[in-house]
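Shared chain: chain A. Partners: chain B in the first complex, chain C in the second.
Now for the complex of A and B:
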């Protein structure tokens, strides 16, 4: 694979111009900018149960990940299998047959017209997939760099993400405890007596129905402004 | 790996060794060579692996003194490499001829031309010691101020290369642990109307009283919470 050294130096330049304090956040923003996308998301983990959102550039990127998790299909999930980049191009003829559920949800979505294109890259610096980097683009004009080049950056970002994990955050007990979505899941387990899987599905469905991100709904459950109890009683979205 | 330029270098360094899939030995050899080019002052760089039985094997060597100096330290059971594997993560030895820490190793190493040495342990999360990145200088008595930081970057990458079978398992495990602990905290917050900090403290206390891991306590709570 030929990767231009310019791409790498552009990436490191863009990275140093990012203002966030969080490394994953800076990597995510720099990636979106360098590949010419409107936004991006980094998820870590290579099984559906482990998959966790690490960084997003904004609301759209987050909702696009939530949507794929809820529907259980999409490029981000496909990329976890490690077979290479997975692309959803709303204009391609076979998209509706490859991802029927996701395409329907994207077409139904009121604020995304036309549906955005999704480019998902497994972060795979060595043999195994560490997570997925997904970029989206609203006008589907195509990425500024080739898929191979973007994949190469995704692998390099995987090394940096893993280094950040290894430097202590993954073993830090406070980090382990502060997962809003899981806390909200636990609260719904207690409220409704459901399994964690079903409780998470309730949260996802609520987020989808109210056009909100899963993380927002979770925060409202944790700060007790939203409560699920039989009979279902919902606060204003 | 804290400042922004360090991260940039880490990525650049990693990228240079990732152009295509190749064997582990080729990857390690490239890391050793790029480390020798990039870390000022070190003209011999090696990567060693610690096997299950405790034996240390030199997996990659850039520079012809690596094998001899590695072997000397392991046969004498002393030297910066040995200390970095067993005691501290990083052993810094500028002006090694005056260093009293390794009385058997130093005279022989100096005879071979060694002036300074740096040894970094390769490890990843809870997987224990994987090996070492060993840097030898026959050209400089002093260590460049950035040498240690740069060595850390290469060590991190070598550790990933050596540990690729484990990396995915440990990452997924950490993420699943995080989810279960989060769920248990949410459960406690709801059931006992505690805040997050109290719930976390409760879990930690329960874990230390019962001698169960935080994760196992959390799993038990979530499994029970399921049946209302």
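Now for the complex of A and C:
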């Protein structure tokens, strides 16, 4: 296989034009642009229930990740197995049989018509999968670069994400958003007596039903404008 | 392209470009592109090897090759400083270059360069090398040039790391464990916040108090808080 140096140079130029202060955010935006996608998301985690967003280019990318978590199916989750890129092409004949739950949800979704194509790449700095880089494209016209080339970039981005990890990540907006999801999960654990996995599923289902992002719903739970049980008798202590 | 299994293809991709193309070729191309994009006179990369010796990795011009070898030999110069400090180095004009790097500064000036910059190639706080940018015309006053050069330094770093034996699997595992531990602590704050009507900062303090009073780690205290809450009502 050949990795085109042109692609690497284009990626570098694109990367330098990204304005975010956060490296993962810049990598995410540059990747979407270089592969010819409409947006992208970087998630980190080793299992579907413990993965979280590190960067997104926008609302669509975030919702597409939330949706896959909610349905428990999709290219981003499949790519976590590390078996290579996973693609959802709404035009392909077998898509509905490969991704029945996700396709139904996408077809039900009023803002995405037709459903976008999803291209998910495991980020493998070495052998282990650090997370997944998923690009979406509304017109499903196909990526500008081959899957192998995009996969190479995803692995390289994995090295960069790994290098950046922990450096000031406590103040990263995305990490604070992730913390809020965890805090809201804990509150729902206490409200309903559920396991954290089930409490997270409750939050995801609520977000899906109300067409909101998981991060938004979590913020409302943490600031107590949303709760999943009757008020507790216990007062402040 | 010959047919190969996806497993083979991705094993090759994961091990970087080294097997497809010598890493030196890729870096040579990158420094040439950096010249083209920024309009610099020359760009070169100096790195530290495993024995902490300086070595030239790529150069867009013979004159720059000579200047890098001189820096490696005299252990002084903009690239030497960027590697030792991890910070962007910049000097304009013969006087400043000579004052900072004596004979190396003079050599840069004599080679026809009017200004020099060096950008750190660092990863996880460790500086692996420097990207040296030589100007042969007026220094571009566009702030964007610095960002472009730093991006080239960053991508060169990733390419270099991809071809070397970094313990990426071990680090990936550490990231996953650290993330899971952080999630658990945040969940415990949420539980305490809900049960005792505390805000998140107060809940964090409460968790620390619990850990201190029971003489256990914060992680263990968090686990116990979450475990108790889930069985409380269920």
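Here is the rule we go by: the second predicted complex is superposed on the first by the 215 of 237 C-alpha atoms of A that agree within 3 Å, B and C clash if a C-alpha of one lies under 4 Å from a C-alpha of the other, contacts with A are read in each partner's own complex, and residues count from 1 in each chain.
As a working rule, a contact is a pair of C-beta atoms (placed from the backbone, for glycine too) under 8 Å apart; a residue touches a chain by one contact, two chains touch by 3 or more.
This is a predicted model, so every value here is computed, not measured.
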| Is the arrangement of chain B and chain C around the shared chain A a clash or a fit after superposition? | clash
| query | What is the contact status of A:84 with respect to chain B (first) and chain C (second): first, second, both, or neither? | reply | second
| field | Which of chain B and chain C A:33 touches, first, second, both or neither | value | neither
| When the two structures are overlaid on chain A, which partner does A:49 contact: first (chain B), second (chain C), both, or neither? | first
| Looking at the overlay, what does A:148 touch: chain B (first), chain C (second), both, or neither? | second
| said: In the overlaid three-chain picture, which partner chain does A:8 touch, first (chain B) or second (chain C), both, or neither? | reply: both
| query | Thinking of the overlay built on chain A, is A:16 touched by chain B (first), by chain C (second), by both, or by neither? | reply | both
| query | Does chain B (first) or chain C (second) touch A:191, or do both, or does neither? | reply | both
| Partner chain(s) touched by A:125 [first = chain B, second = chain C, both, neither] | both
| said: I need the one stretch of chain C that runs into chain B once the two models are overlaid. Options are 44-52, 98-106 or 134-142. | reply: 44-52
| field | Contacts on chain A seen with chain B and repeated with chain C across the two complexes | value | 1, 3, 8, 11-12, 15-16, 44-46, 50, 52, 125-130, 152, 155-156, 159-160, 162-163, 165-167, 178-179, 182-196, 222
| In the complex with chain C, residue positions of chain A that touch it | 1-3, 5, 8-9, 11-13, 15-17, 44-46, 50, 52, 83-84, 124-130, 148, 151-152, 155-156, 158-160, 162-163, 165-167, 178-179, 182-196, 222, 232, 234-237
| query | Which residues of chain A touch chain B in their complex? | reply | 1, 3, 8, 11-12, 15-16, 23, 26, 44-47, 49-52, 125-131, 152, 155-157, 159-160, 162-167, 170-171, 173-196, 221-222
| request: Could you pull out which chain C residues touch chain A in their complex? | output: 1, 6-7, 9-10, 12-14, 16-17, 20-21, 25-26, 29-30, 33, 37, 123-125, 144, 147-148, 150-152, 154-155, 157-159, 161-162, 166-169, 171-173, 175-176, 178-180, 182-198, 200, 226, 229-234
| query | What residues on chain B touch chain A, complex-wise? | reply | 1, 4-5, 7-8, 10-12, 14-15, 18-21, 27, 124-126, 156-157, 159-161, 164-165, 167-168, 171-191, 196, 200, 203-204, 214, 222, 225-228
